[in-house]
Amino acid sequence: MVFILNPNVPKDKVDQFIAGWEQKGFSAILSVGTEHTAVCLIGNTAEIDMDHVVQTDDIVSYGKRVTEQYKAVNRTVHEDNTVVRAGGVPIGEGFFTVIAGPCSAESAEQVLEIARSVKDSGAKILRGGAFKPRSSPYAFQGRQAEGLEMLRAAKRETGLPIVSEIMNQTQTDLFEDVDIVQIGARNMQNFDLLKAVGALKKPVLLKRGLASTIEEFLMSAEYIAAAGNGQVILCERGIRTFETMTRNTLDLSAVALLKQKTHLPVIADPSHACGIRSLVPPLAKAALAVGADGIMIETHNNPAKALCDGAQSLDLSQFQSLMGDLKKRAVMEGKEI
Amino acid sequence: MVFILNPNVPKDKVDQFIAGWEQKGFSAILSVGTEHTAVCLIGNTAEIDMDHVVQTDDIVSYGKRVTEQYKAVNRTVHEDNTVVRAGGVPIGEGFFTVIAGPCSAESAEQVLEIARSVKDSGAKILRGGAFKPRSSPYAFQGRQAEGLEMLRAAKRETGLPIVSEIMNQTQTDLFEDVDIVQIGARNMQNFDLLKAVGALKKPVLLKRGLASTIEEFLMSAEYIAAAGNGQVILCERGIRTFETMTRNTLDLSAVALLKQKTHLPVIADPSHACGIRSLVPPLAKAALAVGADGIMIETHNNPAKALCDGAQSLDLSQFQSLMGDLKKRAVMEGKEI
Amino acid sequence: MVFILNPNVPKDKVDQFIAGWEQKGFSAILSVGTEHTAVCLIGNTAEIDMDHVVQTDDIVSYGKRVTEQYKAVNRTVHEDNTVVRAGGVPIGEGFFTVIAGPCSAESAEQVLEIARSVKDSGAKILRGGAFKPRSSPYAFQGRQAEGLEMLRAAKRETGLPIVSEIMNQTQTDLFEDVDIVQIGARNMQNFDLLKAVGALKKPVLLKRGLASTIEEFLMSAEYIAAAGNGQVILCERGIRTFETMTRNTLDLSAVALLKQKTHLPVIADPSHACGIRSLVPPLAKAALAVGADGIMIETHNNPAKALCDGAQSLDLSQFQSLMGDLKKRAVMEGKEI
Amino acid sequence: MVFILNPNVPKDKVDQFIAGWEQKGFSAILSVGTEHTAVCLIGNTAEIDMDHVVQTDDIVSYGKRVTEQYKAVNRTVHEDNTVVRAGGVPIGEGFFTVIAGPCSAESAEQVLEIARSVKDSGAKILRGGAFKPRSSPYAFQGRQAEGLEMLRAAKRETGLPIVSEIMNQTQTDLFEDVDIVQIGARNMQNFDLLKAVGALKKPVLLKRGLASTIEEFLMSAEYIAAAGNGQVILCERGIRTFETMTRNTLDLSAVALLKQKTHLPVIADPSHACGIRSLVPPLAKAALAVGADGIMIETHNNPAKALCDGAQSLDLSQFQSLMGDLKKRAVMEGKEI
């Protein structure tokens, strides 16, 4: 960690600053310039709350962390790629795992019909929203606990593991038979929820917040891992930018960069990112090509009647056709779909 | 509500679309153009999930809501400004209420010293973080329940009502003696938490999310109001933009616009918005001039030793000096500090 | 075009509004609601300055253009994909054209060495900056006219067509022997420059502005086409967002969407978008998969000594290896590299 | 300037790196850590193209400029505030200069009527667009040279100095009798134009680009100053963010921060920033309170008939009323209007 001190700090204050760090067990190296002075700190600096130092110590003008703050999820401490397994299905190195299903679980029949079809097409995990976060209190809020039961029923019938979004930390019991617990983008920094899922013994699919940096995303994963649960799947789902023609902007460079920074599996959700059905197939192919470990695709048996997000859902035959295309491409990537 | 239909929709599909709305009790007016057809819907359209229609009905290409979706917080249904009262202190029309205190409650002595001083300077409400949302699991997380007790003790001593941030909906009991419950920016769309504070009988200070639009902000306030609690104070605290020299970008046009759109009181938090101490006084004055009903200022007895966000905290004499300035300006605005 | 009128506009004002449009040759259809009134205008509405109407006519609260404003570049008026040809090299339908070369032309030897190598690897067009837009007046501004001569020399030697950035409209003569004139991101809305290259008889490579919407991008292409030059190649090169870990955010959904909206060829520039060498190959593959008609890759014979943007340049063997990979992938896409 | 080197760089490479700097006349101080090594460079580092070093030198992972790159416009080299004078009117320290007039000069009568009225109300400078940058080639492009003549005529009649926007560097002759040459937001990084106005002997009003950082803004001012013209007025006019309810987001914290970083006068343009007439007065007052040296306000004799941007224009009596309010407030600020 490097601190740049303010100009003209008296020598005794600098000595005091350095002595403080040395007492805490760090080595400090001083570089005095004509205008500025730099202090390089050596030791377990991940423990230091750097912003705190910069903000509270009046002699410090700037700090730079040379070592990243995330440890458990950092590739440098865990070179091999983590393969998360959900109900026997692997997500990570060597696989391109496709998660499909409706935005919202609407009825037992609907969920089952979709589950059967996407399984036939090659999807390995079934998604479906039971508790739906909606901007308006007057909009459809999902089928709630009943929706979860629809998913469980489809799982019993088809054998597909299921993933659904949890809304708050009191719901963990409800998700007992859910294979992967999803944290939605709006909850990416709901730290109490992160800690709660960190206490679970099952995979967590963590969506990137709408305006969260890649570093904040990794720090939220670190919350879960630090609480004891290392089975985290990162999901890029579009960030909020000035562009209005697409719902959000899918940040595929983040997928490629995350694959370098962390050993965790990284998937993409093109459906929510763009909000436009015709863009889902090209973005799904791009996600595969950029190195994602999987995708999450909204699929509906009748998009025109979907209770939620129909405009971005593929119908069952569009999904089948996309999967046919992806399977050929996965071979070229050396990945199993 | 106006829907623009896709080009070349067959007439029977259009008729069917219109008939569907008429069955639900709406009047529909059809305008057929050379390329496009528009349908104007009349009735209680706030009940309609417009995005849903656009996304699910294949003949619709675009929808425009002419009437806003928020009702309880909408100025059009409640022309007079709402004055929220917290422990006897008014926030709203005719007042410029200053909330001051440390980012984080650190010790009983610290909180009490700050409380006494800011009260002398003219602050009417004491702020202090007990539960702190932090990006890193390794950063200081606040004094928790103990921190709340420090605030309550200062309140008993000074009579200042207190405000502190709630992290999740299981904590409402803990906040029983807290006069204003604060929802942080990261939780602005934690809908379960919004519903929970909507069930309380006390004022809620709702901070705008980092990447939340003004409309989403109003919809989150609507969640609280729709759940039964109309005592909502909106707080603009900076949005995330491409600029990196300030922590966030304080959006004062949002303050002016919110005052037009809603009857709720609107305050600003310049400390968190800019993250730089020297910018706090000019932005505080600008907030008063732009029409805010108050401000929230981080104040510390010893910013250099603050456990959190010291760089943006005013010390007690800087705060006193700012208050002197603001008092003169409030006279010109016809407001009481 | 649909206009929503303000509430409670007196009937005579509405009649006057409609009469005005009818006099100009439009048909106007009126829809009166309980709260609002809508007017749907039919005719050649692309000629109407809609924002102007909304902003100047006090009875109008909102306008929606149902037909896009860009005509010459709109796919609806020109269904077939345009294939632009530069020095005999096609860019568009059926091809994945790779443009490679140094950020900046540094010396005749450097340019020639790179040109020969990238040609061997399969690049079809040589890029190189001669006039460099730099944020700081003290930074290296390019080799200017001399740099152009280095490119021309490499073209004579290798036969590769060349592309270079023009900075202002007085330079068109200098670019006489340059096969493709590039408009940089910062000049995307330099309208006088757009008009000037619109008067040329050669292809223009138009880069998307850092904070330009897809619609503004298309409107800038329309400027060139409306001035008489339909040979425009669009280039997505990353937009400015809150993310700081990558230089910009490559918006691949824009590539897919542009391919739907316009008949013009669309390419991507992953090098400038991300600014990180190791991200260039995955993003190049993703650009191919998402449907781009080509890419522009910074390539250098000695990135460590590059005068500009070395961190994002591939060296010649990295480029060769990427091209080998892309060639296999292009077969799957049914495209010729 | 501090460079952080990559982990595990061999000692001879580090020595070579340091020797290179010492040969160029810099002192280099080395700090070796367990994981990383830092090199602090001392000397005239403003001459160093830091990004270039980071990007081209393979052993460097990160650079931090401790001294700002802008020199001529930097407050540290010029403590006193610069007061720019345009036709005898001061802009800067001690003044709050109001610039008013129509978005676009439409007719000699219109311009003269507005000029007389805004002068009576207290405006000191007349603005008016002659050449208009418009996103669409089909939108009204301004009255061009004729528009400039309308402004000059109004100047002769009223004595008000005039400001108008220049579009490209071939137009400098046309602006001979224009007191202040304006560089629009889209041209903030049109470096050839910056150099051209840097060669003029008259004030330049430089608008911040829509997506330009404060640092880039200062660097563009530095281009003008480095070319020999130190009479630069900075104008904050709103940045592009995700918010859609206002046209742009007026960044008043940038105004306060610019006043700290540079000695140049800084004004705000609330009209273009928000695009909504009713927000202009509160934002104008906020600009005064935050420390701006002036404002630019669109004013029209008949906003409903304005050829451009009518929705944000104040009419003459609204402007008069705003000026009355601002005059009282200026007294409190110790400024002359």
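Letters are used for the chains, namely A, B, C and D, taken in the order the chains are written, and counting of residues starts over at 1 for each.
By definition in this document, a contact is a pair of C-beta atoms (placed from the backbone, for glycine too) under 8 Å apart; a residue touches a chain by one contact, two chains touch by 3 or more.
The structure displayed is predicted, hence computed values, not measured ones.
Colleague: Going by the touch criterion at the top, tell me which pair is linked by more C-beta contacts: B-D or A-D.
Modeller: B-D
Colleague: So, comparing C-alpha centroids, which chain is the farthest one from subunit C?
Modeller: Following the centroid criterion, the farthest chain would be B.
Colleague: Which integer distance in Å separates the CA centroid of subunit A from that of subunit D?
Modeller: Taking the average C-alpha coordinate of subunit A and of subunit D, the gap between them is 39 Å.
Colleague: Measuring from the mean C-alpha position of subunit B to the mean C-alpha position of subunit D, what distance in angstrom results?
Modeller: Chain centres of subunit B and subunit D, defined by C-alpha means, are spaced 31 Å apart.
Colleague: Counting only residues that touch at least two other chains, what does the list for subunit C look like?
Modeller: Within subunit C, the residues that touch at least two other chains are 211, 240-242, 244.
Colleague: Any idea which subunit A residues touch subunit C in the complex?
Modeller: It is residues 211, 213-215, 239, 241-246, 249-254, 256-257, 260, 273-274, 276, 278-279, 282-283, 285-291, 328-329, 332 of subunit A that touch subunit C.
Colleague: In the complex formed with subunit D, which residues of subunit C make contact?
Modeller: 46-47, 49, 52, 54-58, 69, 133-140, 167-170, 186-187, 189-193, 209-211, 216, 219-220, 222-223, 226-227, 240, 303-312
Colleague: Spell out the part of subunit A that touches subunit D in their complex, as residue ranges.
Modeller: Contacts found on subunit A: 2, 4, 27, 29, 31-36, 38, 40-43, 62, 64, 66-67, 211, 240-242, 244.
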